[in-house]
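As C-alpha cells, here come the structures.
Note that subunit A is present in both complexes that follow, paired respectively with subunit B and with subunit C.
Let's turn to the complex of A and B:
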C-alpha cells in the first residue's frame, strides 16, 4: 500500500484525535493502572478526556486477548429434555486499538500464519482496527530488529503514528486506514514532503541496521533440527525454570489453546482458552503417559517452536522481540541468549 | 549489577566455602544465584564445578526461594550432597520439606546466611512508571536507580519486601556452615499488622478488597510453582476427573484457586515471599497465606519450619487442640 496522504498532528492535539475517533469506534489505549497494588500500563477503554501517555516499550499484556480472547466462546448451547440447540456467540463490537507498538502489531500477522483458516481469528482481524505507534526509545529487553521487525515497523497496523519533533506523522497503511484518514483530512494539516522524507530516512536507517546483521532466520533454517533438539543447552536453560505461564501468556505470539464445555443448569458454552506448553498438562495423555513430562522438554519445545519449527515452515520466527518473556520471567530466562546459543 | 560491601563480604566468603566443598569432594553441585541480563533480576543457578563458582552472585534481589529446586536437583544427583545457600525462611522451608519427607537432611549441605531482607523490585519500578530502568547500584543502605535522563537514590529499607520487613527469623534454623554471623531474633512490633487491617474491614469491604486484589490474575500459576510447598504430582487446579476449577478467567475460578492454594499452605508457609515476588501482575497473594499463618500461630502456637522435631501442626492431633469452631456450630 503506498502512502496517499499523511497527516501531521501536534503532540498536544492527540486527545482531539482520540475524541474524534471515539465517536465512531470503541477505542482502547494503554492506561496506567493505578488502582492495582502496583502501577503498570494495561489496555483499557478510552473515555473522552483520558490521558494518552507515551511510555517506553509495550504494556504489560499483549494485544492478543483482542484476537484470541481468554476465553473465547465458540458457540453456546442449551440442553433440554429431548432437544439440544446450538447458538452463535454474541457479536463483538468493532474495536480500535490505539497506540499499538510495532512489535505487537506485527504479532497479528505472524499469528495469522497458523490461524489462516481459523474463522474466529480472521473475524477478529477484520473487526479490530490497529493504530500503531513507532518507538523512539527501546527497552533493554527489546529486540524487534533481530526478530525481523523494526521500532518503526508498520506490519499489522492500519494507521501508523510516528512522533518526530513534537508532532505525530500519521500515515495510512491499509485501505481501511486510508479511509479513516480521509475523514480526518479537514480537521488536521497534511504532512509536508520534508516531514515524509524525515520519516522515511529514519525508517530506512532501521532497515539498514537490520540488514547489517546476518539473517538469523536463514541461519536457523540451515541448522539440523535433531542436532538442535539434542543440544545439552536445554538442560542448563531449564534448570531454573519454574514452568509457569508467564512467558507464554504474556507473549503476543504464543497462540496455543485448549477447548472445554462449560455448562450450568442446562445452558452451556464451548470455550477455547489459552494453554501453555510450559504446563505438564499440555501434553498429558489420557493413558497417563506424558511425552513432554520433563521440564527441559517443555522449555525446549517453547524455544524450538518459536525459533525452529515455525521459521522452517513459515520463514519467520514466531517471536516479535517485544521482550515481555525476558522482563517478566521470574528467573530471567532470556530468549535472546537461547537464540544465540542455537545459532 | 554493582554490589555493596556487606553483600560483597557474603559473596567472597560464599565463594571460598563453596570452593572448599568442591575440593573436599563433599558436594556435586551448589545451588545459588547467578547474574541476569536485566537489572533487578536474578537467576537461580547450580554451580556444577569449581569453574562455575565465579558465576555466583549475591545481592538484595535474590527473592527466589531456592528450597523449591532442591528435591528435584537432589533426585538427579544422588552420589553426593547438593550444597545450597539458605537464609532464615529458605532454611525453614527445607525443614518443612524434611518433615514432609521431600528431602533427607543428609542430602543437602546448607550454607546458612542471615538475611538482611530482600528488595521488592516492583516497589522500585513502581516509582518510575513508563520509564526504563537501565542500571541499579546497590550499596549497604542506598539503592541508586538510573535510566536515560534520571538517577535517583532510594533507601533500601523503603523498598524492602513486606515479608522481610516483618520477619522475626532472619537466621537460618538449620545449617552445616555459616557465612557471616547470626543476627539473632528480630523483635517485630506486630508482624501481622497487614492482616489486622484487613480483618477489621466489614465483610463487604473485605470481599471488595479480595476481588480487587485478584482481579488482574492471569492464572499463570507462577506463585504456586515458585513455592517449595507446592509439590503435588497433580495440583487441584489441573485435575480433570473431577475438575475442581473452571478454565475461564473469572472471579469465581480465580478466587477458588487463591483460597485453596492458601489453605494448602496453612501451617507450612514460612512467609518467604517468593510467591509474591514472582507474580507478573503484582498481586499480593502472600496476604492470604499470611492470614493463615497468623491463625495457625494463634491456634497452635506454631511457626512453620522453626523446629525440625516439632510435629506438623495440621497433621497432628493434640488433646488440647482448640476446637471452638465445633462448639460454635453446635450452638447454632
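Let's turn to the complex of A and C:
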C-alpha cells in the first residue's frame, strides 16, 4: 500500500537523506562496532556524516529496547506511611530508527498483540518512527518467509527503503511516513512508474515463494496441544541448553518481563525489565514449588509459546525469523529444526 | 488509554489474626477514593494485586463478598517479602489495590439454580468464603448448598466466626473437619476426601467449587468420579507466580492459558487439556 509518491534516492546520497532527517528526529542507525577481533553492528545514535553501511542480516540486538527500555520506569513514588504518591514518567522525544530490517519491523506488530492494552508499549509505538530497509540478500540463519514475513516486508514500518539498481526506492507505508516523504519531495526525485513496477514485481515474487510453503501456522494449529507437549523431542533439544537466556534476550519477539521496586532515601520507582522463561525463578512460587523447575520444561515453554500457544491465540508465530537465537546460542540450538520436528 | 499498572490507595481498617500460629491474617480495607469505592464491583473468585510501595505487588484472592457493603478483605499467608511486610502493617496504614482481576466463579450464569458443592482447604478457602456469603445473600437463586472445609487442626481453620454462623443455618450444610482428633474439638475428623465420600453429594444439576492444597484436590477427584460427577461440573481456582496480572508479562501461563486473564477459575475439563504446569 503506497500512500503517497515514492522517491528515488541514489545509494551514495543516503547520507544527505540521513542528515536532513537528523534535523527533525533523534535518528538511530546500526553502527559497526569492534571488540578485539569481533565485529558486529549495533543500534546507535546517528551523527551527521556517520557511515551508513548496508550489511547482510540484522544488527546484533533487536529494536526491542526502543519499545521495552531495559529497565522501564512504570511510575515513581515517595514512601511515607500515610501516602504513596504515584507519578508516571515523563514523555520522551520522537525517535527514528533508520534501516530496520523487515523481520525486526514486523516484531513491533507481533508484540502489539499481547501488548494491545499496555499504555507504555503503545506510547512507544507512537514515539518511534520506523524506516525499514528491504533485504537484497539473506544470511544463512534467516528464515523470515517461514515465519510469515518477507525480505521485502513492510509491516511495522512507516517508510520502506528498497535498494534497486544502486538507488533506494523510498515508499510511504503509514500516514505519518507519508508526511515525512512529503517534506522531502523537493529534495529528491520521484520514483518512476517502471521503478515502482520493478519493486512490486520483486515483492510479489517473494509473496509467491512464501505461499509455496504449506502454511506452517495452519499446520501447527491443527496439531493437538498435549501431543506436541508430550513429544520426546523436548528432552533431546534441551539436553545441551545451558539456560543462559541469550536466545530470549536477543529475540525481538520475546516480550516477558519482571516487575520490581527500587528505593533509596524515601523515593522509589516501580520498574519492569526483561525476564526470560529460560530462568528457573521465572515460575517459582513463594512456597518453593516450581511448575517449570526442570530445564526441558523451560526449553519446551520457549518453543511452545512461540510456535504453538501464540499462534493458537493470535494466528501467527511469535517469531519473525531473524535468526539471532540460531546465530548466538552457545550450544547451537536451532529453532528451525525444532519447528520442523513439531510439524 | 488506561494505565494497567497503577493501583488505588486503600487504608487498612482492621486486621484479624485468623490462625493460632499467627501466620494467616485477614486485612479489611477501605478504598480511599469514594468514587472508586462506589464503582468497585467484583465477583467471588476474582483477585486483586496488593501493592506495598518499595516492596512489590502480589496477587491475593478477594475474601469478601460483593454483598458486604464497603468492605474489601484479603486473607494473606505470611510466606515471603511482600506478605511479611504486609503482616507487619497496622490499622491505618496504606496499601495499593489494583483490580478486580480474573474471571471469578460463574455465580450469575451457569451456577444459578444448581446444587453447589464447596470444597476447601487451607488458605484456598478465601474466595470460597466470599462465594458462600454471596450464596447465602442470594439463597433463593441456588438449590442445595454443601460446604466441606478442612484444616490440619482447629487452630488453622479460617473464619471461625462465619463457620459457627453457617453451621447453625439450616439452608446450607456445613461439614467442617480437621485431620486428626484434638481434645476439645467436637466437629468432624478426617481428611476432606473422606468427608466428601461420607457426604456423597449428588452430581445431577450440580457444580463443585474447589480450592485447596494439591493433595486434597488429588484425592477428592476419584470420589467425585465415583459419584458420577462430570469434569465440566468441577471448577478449580488456579495459582501461578505472576507479575503484571494483565496477560502480558508471561509468568503465569499454564501452556496457552494465562491464570491472570483466562482464569483463575477453570473447569476440570479444560484443565485436563492443558499441560500440568501449575
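Rule of thumb we're sticking to: the second predicted complex is superposed on the first by the 332 of 343 C-alpha atoms of A that agree within 3 Å, B and C clash if a C-alpha of one lies under 4 Å from a C-alpha of the other, contacts with A are read in each partner's own complex, and residues count from 1 in each chain.
Keep this in mind: contacts are C-beta pairs under 8 Å (C-beta built on N, C-alpha and C of every residue); 3 or more make two chains touch, one makes a residue touch a chain.
All values derive from a computational prediction rather than experimental measurement.
Colleague: After the subunit A overlay, clash or fit between subunit B and subunit C?
Modeller: fit
Colleague: Of the partners subunit B and subunit C, which touch A:327 in the superposed model: first, second, both, neither?
Modeller: first
Colleague: Check the residue A:12 against both partner chains and state whether it touches subunit B (first), subunit C (second), both, or neither.
Modeller: Neither: A:12 stays clear of subunit B and subunit C.
Colleague: After superposition on the shared chain, which partner residues are touched by A:258: those of subunit B (first), subunit C (second), both, or neither?
Modeller: both
Colleague: Which partner does A:312 contact after superposing on A: first (subunit B), second (subunit C), both, neither?
Modeller: The answer is second: A:312 touches subunit C but not subunit B.
Colleague: Kindly classify A:114 by the partners it touches after superposition: subunit B alone (first), subunit C alone (second), both, or neither?
Modeller: second
Colleague: With both complexes superposed on chain A, which partner does A:225 reach: first (subunit B), second (subunit C), both or neither?
Modeller: After superposing on A, A:225 lies in contact with subunit C but is clear of subunit B.
Colleague: Given the superposition on chain A, what is the angle at the CA centre of subunit A with arms to the CA centres of subunit B and subunit C, as a multiple of 10 degrees?
Modeller: For this superposed arrangement the angle is about 90 degrees.
Colleague: Quick one: minimum Cα-Cα distance, subunit B versus subunit C, in the superposed arrangement, integer Å.
Modeller: Closest C-alpha pair between subunit B and subunit C: 7 Å.
Colleague: Of all the subunit A residues, which ones make contact with subunit B and with subunit C?
Modeller: 258, 260
Colleague: Residue numbers of subunit C touching subunit A in their complex, please.
Modeller: Per the stated touch rule, the residues are 1-7, 9, 53-57, 79-80, 83, 93-94, 96, 239-241, 243-244, 246-251, 253-256, 273-278.
Colleague: For the complex, which residues does subunit B have touching subunit A?
Modeller: Contact set of subunit B toward subunit A: 36-39, 41-46, 64, 68-69, 73, 122-123, 125-126, 129-132, 134, 148, 212-213, 215-216, 218-222, 225-226, 238, 246-249, 277-278, 280-284.
Colleague: In their shared complex, at which residues does subunit A touch subunit C?
Modeller: 74-75, 77, 79, 81-84, 86, 88, 114-115, 117-119, 122, 225-226, 229, 255-261, 263, 268, 270, 272, 275, 277, 282-287, 291-292, 297, 301, 304-305, 308-309, 312-313
Colleague: How about subunit A: which of its residues touch subunit B in the complex?
Modeller: The contact residues of subunit A facing subunit B are 32-33, 35-42, 53-57, 60-61, 70-71, 137, 139-141, 239-240, 242-246, 249-250, 258, 260, 262, 271, 273, 276, 279-281, 326-328, 330-334, 336-337.
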